[in-house]
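In the part that follows, the structures are each spelled out as C-alpha cells.
Below, subunit A partners subunit B and then partners subunit C, in two separate complexes.
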Partner chain A sequence: MSDNTIISTRIRLARNVDGLPFPHKLNELGARQITDGVERALSGVSRFTRYDMNGISRLDGTILQEKHLISPDLLTDSRFGSVLIGADETASVMVNEEDHIREQVILPGLSLDAAYERIQKIDDAIASNMKLAFSPRYGYLTSCVTNLGTGMRASVMMFLPGLTLKKLIDACITDVGRLNMTVRGVYGEGSEAEGYLYQISNQRTLGVTEREILDSVGGAINHIVDAENRARGLLLRNETELKDKIYRAYGLATNAYKLSTAEAMYVLAMIRLGAYYGYINVNNVDALTDLTTRCRPANMQKLSGKNLSIEERDVLRAKFLSANIKSLAQKSE
Partner chain B sequence: MTAEVNIKMVCTKCGLRPATTEIWQRYNDRTEKMFLCDECAKDYKPNVGFDDFCVLDKLMENSPISLLSGLSSFFGDEKETKKLICPNCRTTADEFLNTGFVGCTRCYEVFEPLIARTVKKIQQSDRHVGKKPQGADVGGSDAARLKEELQEAVDSRDYARISAISDKLRKLEGNGEV
Partner chain C sequence: MSDNTIISTRIRLARNVDGLPFPHKLNELGARQITDGVERALSGVSRFTRYDMNGISRLDGTILQEKHLISPDLLTDSRFGSVLIGADETASVMVNEEDHIREQVILPGLSLDAAYERIQKIDDAIASNMKLAFSPRYGYLTSCVTNLGTGMRASVMMFLPGLTLKKLIDACITDVGRLNMTVRGVYGEGSEAEGYLYQISNQRTLGVTEREILDSVGGAINHIVDAENRARGLLLRNETELKDKIYRAYGLATNAYKLSTAEAMYVLAMIRLGAYYGYINVNNVDALTDLTTRCRPANMQKLSGKNLSIEERDVLRAKFLSANIKSLAQKSE
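After this line comes the complex of A and B, so read on.
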C-alpha cells in the first residue's frame, strides 16, 4: 500500500556478463547470447515475458516506458535491447541497455527491504547461470563508472506538493544531496506539470554495502516526509485558497471537455492532496497513481486503438479521467 | 531525433507546446533526455551534477590525487596515459574521459590509472565492500588484499595500521599461503 507521500520503491542492479564487450560495443550475436542466457536464468524464478525492442511497435514500447518497466534509452538507443517482464509487472530485467543486464523491482509504498529481497532472487538466478563481470576491487563491473561496486540504485518515488508549492524543494534537494542522494523529477523536473512527483535515489554505488544504501535512502526518505508534512501544514495558513485550488482541480477532472497530459498530472496531484486534507474522499490512493500512468500520451493512444491528433487525445483523456475520478473520488462536505 | 508520427511529442517541461529541442543529461545510472519547446529551451540551464562528465574531465585536470607512483613511472607522463587504447574493444582514453564509459572489462585494466582517479572522485571510494556473485573468482588471496591495504596504509602514513597489517601478513606467510 502506498501512503499519500510515498508512491513506490524501485531497486535496480546493473550487471554485465564476463568476456563480452559492453552493449555499445557489442555485436548482434553477443547481444542475443546474453538475452537468451537471461531468459533461461529467469525461467527458473517465475514467469517472465520477453519483448525485443526490434520486434515491438514504438507505441507498445512507449507504454512500457510510461509504466516505468523500461527506460527511455532502451526504447530509443539500444541496438539489440530486450526486456523480460514478470507476470505482475513488479519485476523486469532490461537486457543490452547501458549494461548487459539491468534488474529492477518496483513495489508500492516504502518497501526497500522487500524490494531488495525480491531482486536478490533474480540476481542470484542470473549469477548462477552466467558468469558476471566482477573485480574484487571495483565489484560488479559496469559500462559507466558511476555504477561500479554494488551496481545498485535504490529509489523512492515521492509526491511532494507541499515542498514544491512552498518553494522549499530546492533547499530540500541540497539537504539530501549532503546525504549523497539525488532528487529528480520523475518525468523531468518535478514541476506542477508533472504532478509534483520526484525520485530520490542513492548517488554512490561503490564503497558502500547494499545494506548501507538501503538504510541511507530510508533515512533520507524519512527526512523528506517530515519536511513535506511541515510544508503541508504551512499550506493550511491560507486554507480558503488551498481548498479552492483543490476543488477547482476536482471540477476540471470531472467536467473539462479536453485535458492535456500536464493538466491531467496537475488535477490528479491536487486530488491526491485533497485526500490528504480530507477535502476529497478517495477510495483507493493506488488507483490515483495508476491513473497518472494511464493518462500519459502512449497509454491514451493505446486506449483509443487508433492514431489520434494531440487535440483528439486531450478530448479522450478528459472523458476517460472524468469517468474514473467520478467513481474513485468524491468531494466531502 | 524527430518526434514519432503517431506519438506526438509535447514539451516535457511545460507540457503545453510541441517539443522542438532534445537535450541530453547524465543522471546517476542513466542518460536523461528532455524534449523542450522553443520557449522552455531558451530558459534551460544545464544542471551541473555528479554525473556531468564534461565537468568531471575539468575537475580531473586539477585533481590533487596523483597517479600511484609505480604506475605513473610505468606509463611515463600523463600525456602517454591519455594515448592508451584498449586492445580488446578499441576504446580510447579520450573516449573514456569524455563519456565516463568503458567498452569492456579489459578497459578496466588498460585505463587503470585514469579509472582509479575518476572512480575515487565520483564515488568517494575505490573499494567494493558489497555483495559478491556466487562462485565468482573473487581474485587475489587474503595476502594479496592485505598487501594492497598495506600500500594504502604506507601512503597515508598510518603507522598503527602498517604494523597491524604487517603482523597479519607475517602470520599468513608463516602458514605458507603465499
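After this line comes the complex of A and C, so read on.
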C-alpha cells in the first residue's frame, strides 16, 4: 500500500563557495562566476540546461516552480539567480538563491538511498571544480544556520488523506516532531493541506551524518505509513459515506464545466484514495500524480498558449482534467 | 418554452352532502354512507379504485400522498377518510377529509379548460346521485369559509428556477398576490422551494364564477411565464457559472453513491433547466418529471420491497436516479 501513500523523495544539499559573500551581498560578477563554475562542473555529470531568472518569462519561471524545480524565492527574490536542470528533471541545481548552490534530486516513491547516491555524484563534481566553504568543526557553511553542517534536507512527499480526514494529522505531526522531523502541507495555506499532500523532512542538519539523516527520515516515514494505513481502516467504518465522497469527487472531476486548482487537487486526491480502496480503477498512478502539477495555474496557461482569465483557466482545467481522468480512471462499479 | 416552465394543472372542487355534519363531527355510519354514495356515483363515470385510510398501510398511503392523489391530512387526521382513484390517476376523489367530498383532476402542462371539463363530469355524476349542500346565496357550502362559493381551487405547478436563483420570486409572489393568487413551494419548508417547484392557485372562491377563476389563473400563469423567461435570460449573463452549476448537478446525479430526496430534487431541477438552455439533451421530459415523484421516500421504499434505513434508501435512490438519468438525459457536449 505504501505506493499509494508515498509520492516522491527529494534530497537537497546546500553549498557555498569559499571566499565569496553569501548571495544577498554578492555582486553580479561574483554571482556569474559561481553560475559559470556550477555549469562547468555539471557538464561533466550529464546534460543540464541553464535558465537565468533574469532571462526567463514569469510564466516559464512559475512552471519550473510548480514542478518543484526551483523555489518561489529564486523566482521573485534572487538578484542573479539561475537554475540548471537535468534532462529528465530529476536533478536540478539552483544557483544564488539563499545559498550559492542548492543541489536537488527528486525521485518517485521512497528512494532515499537512490536519491542520495545521485546527488553525491553532482556534489562530487561541484566540489572537485569549486572550493566549497567548509569548516572542519561545523561542516558545510550555509547562509542560514538551520542548514549548517551536512547542508542536507531529505524530504518525502506523502499522501495522507486518512490521517487528515480522521483529524489525526496534528497528533502525527507532534509524534514525528519528537523524531526531529518537520511535516508541512505541500500546497495550500489553510488547516487542511490541499490534496492531502505533506512533505516530511529532517529538521537537524548539524551534528549528524548524512547516513543518520537518511535513516531517521526513513524511520519516520515507516511510522507515518503505518499510522496512515490504520486511519484508512478507520474511514471504512462509514464506508457508505466514504464511497459517496469518492464517487462524488469522480463525478465532479468528469462533469464540472470549470474547476479551481484547489478543487482539482481535491478530486485528484479522492480518486487516488478511491484507487486504494478499489472503488476506482486507476490504470496509471504516475500519470495521476503528474496531473497535480499539470493542472496548476502556470501549466494551464502554458497549455493554452495564450493569456487566460482565471475563469477561462478554470474552464480549460475542467476540460483537461475530465479528459485525462476519464482515460486514466474508471469507477469500478 | 412554457412546457419547461409549466409542469401540471390541477383543479379540485370541495363538496358536502346536505343534512350531514361536516367530517370532524361525522360518525362512522354517516361517513360510510357518503363513501358508498360517492363510489356508486363514480361507477357511472369510469373505473375508480377505492382505498380506505383505515385499511391501507402507512407506506401505501404515503405513496398516494407523494403522488398528490391524497392530502397529508387524509392520511393522518381523517377518522373515516377514503380516496377513489381513476385508472390513469388523473382523477381522484377524497372522501371525509376536511369536506365530505374533494374532487380532483390533474393533467400535464397548462390544461385549465381540459381539467375543468373532466372534473365537471365527475361533479355532475356525484351531484345527480347525492344531494349536495348548496345555498342559493353563497353557493356550495364548505367546512372552511375559504372554500365557500365555487369550492374550486385551480392550481398550476410551475418550475421557476430563474425567478428563484435571481431572487425575484418574492417580488413575483407579491405581484401575483394582487391578482388574488397564492404562490407556495410544492416541496420543502425552507426559503427556497425544493426543486424550484411552485403551486400557483386562486385565493378567492366566493363571488366569482368558475370561468372567472380559470381566466384569472390563466392570466397569472402567463404573467409568471414571462417573468421566468426574463429571469432565465438574466442567468445567461454569467453563462460559465450557470453551465458549471448544471453540469455539476448532472455529475452528482450520475455519480453519487447516495442521494437525499432534497439533493434528488435539486439535480432533477438543474437537468430540467439544462434542457431549457440546450446544455443537456433530455429525450423524455415527462419521464424526468415523473422522477420527482418516483424518487420520494415512500416510493423508494416500495421499489426496494423491504424496510430500508434512511442511508440504504439514499443509496438506492442514487442508483435508481443515476440509471434513469443516464438513459433520459445526456450532456450535449
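As a convention for this text, the second predicted complex is superposed on the first by the 325 of 333 C-alpha atoms of A that agree within 3 Å, B and C clash if a C-alpha of one lies under 4 Å from a C-alpha of the other, contacts with A are read in each partner's own complex, and residues count from 1 in each chain.
In this section, a residue touches a chain if its C-beta (ideal position, glycine included) is under 8 Å from a C-beta of that chain, and two chains touch if they have at least 3 such contacts.
Model, not experiment: these values are computed from the prediction.
Q: Thinking of the overlay built on chain A, is A:Thr150 touched by subunit B (first), by subunit C (second), by both, or by neither?
A: The first partner, subunit B, only.
Q: After superposition on the shared chain, which partner residues are touched by A:Glu311: those of subunit B (first), subunit C (second), both, or neither?
A: second
Q: Just checking: does A:Gly55 make contact with subunit B only, subunit C only, both, or neither of them? Give me first, second, both or neither.
A: Touch partners of A:Gly55: none, neither subunit B nor subunit C.
Q: Does subunit B (first) or subunit C (second) touch A:Gln301, or do both, or does neither?
A: In the superposition, A:Gln301 contacts subunit B only.
Q: By the touch definition at the top of the document, which applies to A:Tyr247: first (subunit B), second (subunit C), both, or neither?
A: Once the two structures are laid over each other on A, A:Tyr247 reaches subunit C alone.
Q: Subunit B or subunit C: which reaches more residues on subunit A?
A: After superposing on chain A, more of subunit A is contacted by B.
Q: In the overlay, answer first, second, both or neither for which of subunit B and subunit C A:Phe134 touches.
A: first
Q: Identify the overlap between the subunit B-contacting and the subunit C-contacting residues of subunit A.
A: none
Q: Give every residue of subunit C touching subunit A within the complex, in rising order.
A: 240, 243-244, 246-248, 250-252, 254-258, 311, 315, 318, 331
Q: What residues of subunit B sit close enough to touch subunit A in their complex?
A: Going through subunit B, the ones touching subunit A are 1, 4, 6-8, 10, 12-16, 18, 26-34, 49-51, 88-91, 99-105, 108, 115, 118-119, 122-140, 145, 148.
Q: Write out the stretch or stretches of subunit A touching subunit B in their complex.
A: Per the stated touch rule, the residues are 12, 14, 16, 18-22, 24-25, 58-59, 62, 71-73, 76, 98, 124, 127-128, 131-141, 143-150, 152-153, 182, 184, 187-189, 191, 193-194, 201, 203-210, 260-263, 265, 297-298, 301, 307, 309-310.
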